[in-house]
Amino acid sequence: MENKYLKDDIIRSSGVNPKKCMKCGKCTATCPSFDEMEYHPHQFVYMVESGDIEPLLESESLYKCLSCFACVDRCPRGVEPAKLVEAVKLSVIRQKNSNRLKADDVVKYLDEDIPQQAIVSAFRKYSK
Amino acid sequence: MQKITKEMLIDKATELLNNGTVSLVLGWKKGEYDYDVTPGVFESVEELKKDFVFGDFSAANLSKYLVKKTEKLEGKILVFLKPCDTYSFNQLLTEHRFDREKVYAVGVQCDGMVDIEKVKKIAGDGILSVDCNGEDIVVKTLYNDDMTIAKADVLAERCANCKSKKHVAYDELLGESGEVIDSNRFDEVEKLEKMTADERFAFWQNELSKCIRCNACRDACPACTCEKCVFNNPNSGVENKSPANSFEEKLFHIIRAYHVAGRCTDCGECSRVCPQNIPLHLLNRKFIKDINEFYGEYQAGAEVGSRAPLVDYTLNDLEPGEVFDRGDENA
Amino acid sequence: MQRIGVFVCWCGSNIAGTVDVKAVAEALKSEPGVVFSTEYQYMCSQAGQDLIKDAVKEHNLTGIVVCSCSPRMHEATFRKTAAAAGLNPYMVEIANIREQCSWVHKEMPLGTEKAIILGKAAVAKVNLNAPLTPGQSPVTKRALVIGGGIAGIQTALDIADAGFPVDIVEKKPTIGGKMAQLDKTFPTLDCAACILTPKMVDAAQNENIRIFSYSEVEAVKGFVGNFEVKIKKKARYVDETKCTGCGACIEKCPQKKVPNEFNLGMDNRRAIYIPFAQAVPKVATIDADYCNMLKNGKCGVCTKFCAAGAIDYKQKDEIIEEKYGAIVVATGFEPISMEKFDEFAYSQSKDVITSLEFERLTNAAGPTAGKLLRPSDGKHPHKIVFVQCVGSRCASCAEKGKEYCSKICCMYTAKHAMLTRDKYPDTDVTVFYIDVRTPGKNFDEFQRRAVEEYGVNYVKGMVGKVTPEGDKLIVRGSDLIANKQIKIDADLVVLAAAIEPDKTARPLATMLTASMDTNDFFTEAHPKLRPVESPTAGVFLSGTCQGPKDIPETVSQAGAAASKVIGLLQKDMLLGNPCVASSNQLMCNGCSSCERVCPYGAISYEDKEFPGPNRTVKVRRVATVNPAVCQGCGACTVACPSGAMDLNGFMNSQIMAEVDAICK
Amino acid sequence: MKVSYFPGCTLKNKAKELDKYSYLCAEKLGVTLEEIEEWQCCGGVFSTAKDEIASKLSSVRALKAAKSKEQPLITVCSGCHNVIKQTNYVMQNDKEFADKVNKYMAEEEAYNGEAEVYNYLELLRDVVGFDKVKEAVTNPLGGKKIAAYYGCLLLRPNSVMKMDDPENPKIMEDLISAMGAEPVIYANRNECCGGYIALEDPKAAEKRSNDIIRNAKAMGAEMIITACPLCKYNLVKNGADIPVVYFTELLAEALGVKEEKDGE
Amino acid sequence: MQMKEYKPLIVAFCCNWCSYAGADLAGNNRLNYPAEVKIIRVPCSCRVNPMFILRAFQRGADGVIICGCHPGDCHYTSGNYFTRRRMAALFSMLDFLGIEKERTRVEWVSAAEGAKFAATMNDFVEKVVSLGENKRLEDLRCKR
């Protein structure tokens, strides 16, 4: 997808206006997955706004967001970074053969106590 | 739902007259034919028994008459109000046009009013009587056999597109009060908006050319209660001196619609009383529709004391130039 | 019928170069009402003005049209000329044939044609002009200042110094406001009490100043120069005239568990109290919510120990009515509640405090006698985290925070950080900031000193979560420069809470018909040119009630407001603008449309008797315009459906006549 | 009174006790849970993308079922609650989205967010009332120090969930008090446990969970209660050395319905 | 009637504090605009009654433009906010009646915007000229 269209698409699909960001960094301050992420919530906002989206598409960070909405609730400007992360991630896994989690792979992750909720959630987050 | 009969109204009025609650009754008065019902003031039970009517032609919105009737009144006046009339009632209260203390308002359940012009179109001229029995009306004429017509087919436009069956003001109810209705009343306006400017102009030229400037619309309008209308005001610069080619002759309807914009409750009296059947309510509805779209939903008269949109503002209102861009989207 | 003289000015070649002035004068001769028409090189010159005056006398003119430059240039000149000739100055109209004609058109025929039309419009208007006289109203030479913080005190002192009596109404038992609670003031670090308390004493001793402490404004009537105000003096159960402020009653009061609001609840006071040592008036007040005597009639200790016999349990609220010529609003601010920001754990830990609480903790007269100790365990904190912009610049949720910048937090945080490092060099101080905003004299230098000389650690980022654990506060924040999330085990967290207008401001604005913005800050008459006046004539703004500001700015605004008040009070009579609205009551419906668009609250309603038919009388509600308050915008005239409301000098018929003349 | 009940996949499988005690407690408190027919999995996590439609249909069907019975829809599992409540919110507030969904489900009647969605906790607080719960307690928990763990799904996004103050909630604390125990306030009770990431990156989940357990214990907790099977899994798996139980189980104990029925 | 070059008639209502001063500034800077524009001074744009506009059209004006202070800068704090609502409603109604929308305009011109004033007038006149003579309002009630 052309970069410009990709940006528009992500903004439309997420409903987020990255221009509202005042770059305070509270999202990143509050993100529980910070250590696991290469790009952090405030960078998602900035990079989408500046059209620098390619690195995000290839980053593991996409799959580290917990959808815990801490950044959404605590953002003083109502930017909702988690929605951007979700939209960028969707734009990747919607491509053909881009599912991150395949049914066959699941077995290796299972232990006997793991709740169904974890499996369906992971599928929902990682696969189309 | 029970049917409300004229007897029930007369009984109520009689009771209130007799127990001294009210000294006057504002209601509907029978005319020569069943269908030419007019507003009437009744002072005694005898008068009520003689002339009071209520039925499918009790269309007149009586709220306006309260302005003059309460002016010098000692005691109270009884007024009967259909749901749409109660909106005008509230709007007049918002504008301090009469003293609420002087009025005893009885809300009357309304099943819609019949448009006699529609009946004539179906039954022809020479109508002798029109009787309603629920869903149908029976028409007797000079020339033809009795005819039964579905009431739904001859409902007045404003009743077919009724905006609310809810009484928003009353002291007492006869029958039931319903709900605000999600009506299709703006469809006609939308249809016009979708036309080209030329088509719209042709439409309105055709309609407004019929106007004979009888002032019936103004005189019936519950929002037009000015002590002196601007068109009769010698200082306004628009007073009607010689009708030929004068200013007001041509632009009367625009100014009138503008003056009631944000205050008009969409009661439809203007179109009902127009002897030339000009759809004047469309002008008012255009303003209402615009106001709803530009500034948020607003129903004049829904409550007492609300602030009309044209005497209000927000810092981020739409610019006058933007109203057209919208229009283009519609086109 | 008017007798109108037309005077066409050449303005040298400025007009005459593009407009055939002779032709204009000639053409206008035949307009209705015109009895004289001429042209001259410079109409505004003495000779030109004499020409006008002579013509008025010679031709018995009743109206004048000057075709010349813009009325913004010489309307006042020609009005004076008319007055000198014995005409009402408002019988003059100007046709602008220079700026709006000769200077913007190049061809003589076009310019001349347009000048004639503009002249005709002016003639048409003058034909309908009527003499206007500005209304006059006397001025009560006394000012009211609402709020006794630094803004109110400064305003009152300045007005009093100019010789006018001033009353200060303060809702708390003492004047002094927020500044009295501060420790040191930026950027000079002088102690707040040292510079404020002398001013408080000055105010108390100034014979032109009366202080109504523990009092509130109840009702305001009237208009500029003539306000009538009701002030409620709340019962303090102590006779102010007898109390010497000795404090014996306080020492003996058995009710010791009253949260001390002056120290923001961080310690306790008695039920009878003086808020702080330098209070003005230094008079005790009994807190009726806690006093055992007032609650259940069992105690009376304070009476026993009061040598002056000042205790009066039967004291009642008292209403004082007074007249004022001007009112100054100085209601100040409060920090917002931190309850909705519990990601910072304010309500979960005593060691998460606001900056104002920090002020009290470092103030020598505060609950810790100036030693910086943690509220939870009284230990000295070794790691302190300051968080800026808590609730400021917060656009996501109106019920939580404020969209605006609170303006003072960057500087006081720098001050707190610097003072901490100065007094306790063993303390680590970290400040989380979004931006550091220091646009003031010596402000940025101050903040840089905190960093460079005192070693305060400024981190560009925000705190996301504070987790109290054991006796530590785990602060998780971002460092955007390093692109890191950092964790600090802090001992104390200080939140720079946003400030908001005092809660009493909104009801007060309603009483004053003064306008407010959505944040409840008072709106100024013009944001740039009239920043200390409210749009409501006679109401002035001082301090943070108009917007966030620091002490130097507050004091300068207070002085500016005072000078505006002095300017008003030194007049004996107020001359109004005669071009005000007026309502034709015969036609008025009393519908209130005009009132709703009036920005000045100039329109009120009265029930008036009118003759009806057959010698009856009917009473109708009709509008009246207060000409002293009306500023003449004309919004009401258009809101009025019947045309009963009209504007002097710009009447419906006059503008309509101009339209007709132009479109003929 | 009768309410519609959406149990969700996990409650019929790994978290049967959460389901079972929900029924028992409700019954004791005079509420009948009517499991909606043929419910489908909610999907586990709500996608905030406006163009993600198919994954929200199962929630819409559940909501429509409740609407048709004119009953509020009750959820217990935090995951289901979050997904269904957010879905309902977009159906109410995003007309464009709702139109698409309704078109997609063309054969059925249009749905525009008419149903009300309550979590079981809200049912206890707002419908039953904690005072009534307190009255019904037969085995008070004797002042045990219990930490409520909310996680993220019950509280956020607050603009949609509107259950409690998202930064300082007290609904579970109030329940703990009503059951005769002592609530432990600790700041990390609304931080994420690591959620579904446990599947792929257990180390990450471990760190999150440890932060929570450590904080709760530091503030004196002897037990943790939760509403979410995934939260419980993460906390238990990552070395919680104090009991982690579902709040319904504890409630059943306090109401005295646990032993009797277990005996059957 | 003799055929001559079509010259429109434009009435411009300008508020005293901003736009009238802006027009004066255009003059001071000698910025040309067509002589067909005739300015009427009003204290505030909110003084402009829709009746004035209709009257102008009635008497043969081909275009009517209202100029006021920028929103937020009104000398009377709120006047132009009312203007904005009133004119939005009125213009939409005129459009509804089939009157050409290019004949009416509201423009915010500050006292510093002499150039904007001239440019606005040039543009407005150009648009009105392209429409030709205003017949519709006059003809609204005269069906031929």
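Going in written order, the chains are labelled A, B, C, D and E, and every chain counts its residues from 1.
The rule we apply is simple: a residue touches a chain if its C-beta (ideal position, glycine included) is under 8 Å from a C-beta of that chain, and two chains touch if they have at least 3 such contacts.
Keep in mind the model is a prediction, meaning the values are calculated, not measured.
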Which other chains touch subunit B while also touching subunit D?
C
If you average the Cα atoms per chain, which one ends up farthest from subunit B?
A
Among all other chains, pick the one whose mean CA position is farthest from the mean CA position of subunit D.
E
Of C-E and B-C, the pair joined by more C-beta contact pairs is C-E
By C-alpha centroids, what is the most central chain here?
C
Per the C-alpha centroid definition, the whole-Å distance linking subunit D and subunit E comes out as 62
With chain centres defined as C-alpha means, what is the inter-centre distance between subunit C and subunit D in Å?
51
Could you grab the centroid distance between subunit A and subunit B? Build each centroid from C-alpha atoms only and quote it in angstrom.
57
How many angstrom lie between the CA centroids of subunit A and subunit D, rounded to a whole number?
24
Multi-chain contacts in subunit D: which residues touch at least two other chains?
191
Would you give the residues of subunit A that are in contact with at least 2 other chains, written as numbers and ranges?
35, 70
Which subunit C residues touch at least two other chains?
343, 397, 465, 597, 639, 652, 655-656
Among the chains present, which pairs are found to touch?
A-C, A-D, B-C, B-E, C-D, C-E
What residues on subunit E touch subunit C, complex-wise?
9, 11, 16, 20-21, 23-28, 30-33, 35, 38-44, 46-52, 55-56, 59-61, 72, 75-79, 82, 86, 118
State the interface residues of subunit D toward subunit C in the complex, per the touch definition above.
159, 165, 167-168, 185-188, 191, 214-215, 218-219
Residues of subunit A touching subunit C in their complex?
20, 22-31, 34-35, 40, 42-43, 70, 74-78
Listed in rising order, subunit C residues that touch subunit B in their complex are 584, 586-593, 596-597, 605, 612, 616, 618, 620-621, 639, 641-644, 646, 651-653, 655-657
Of all residues in subunit B, those that touch subunit C in their complex
71-72, 94-97, 225-230, 233, 235-238, 259-260, 307-308, 310-312
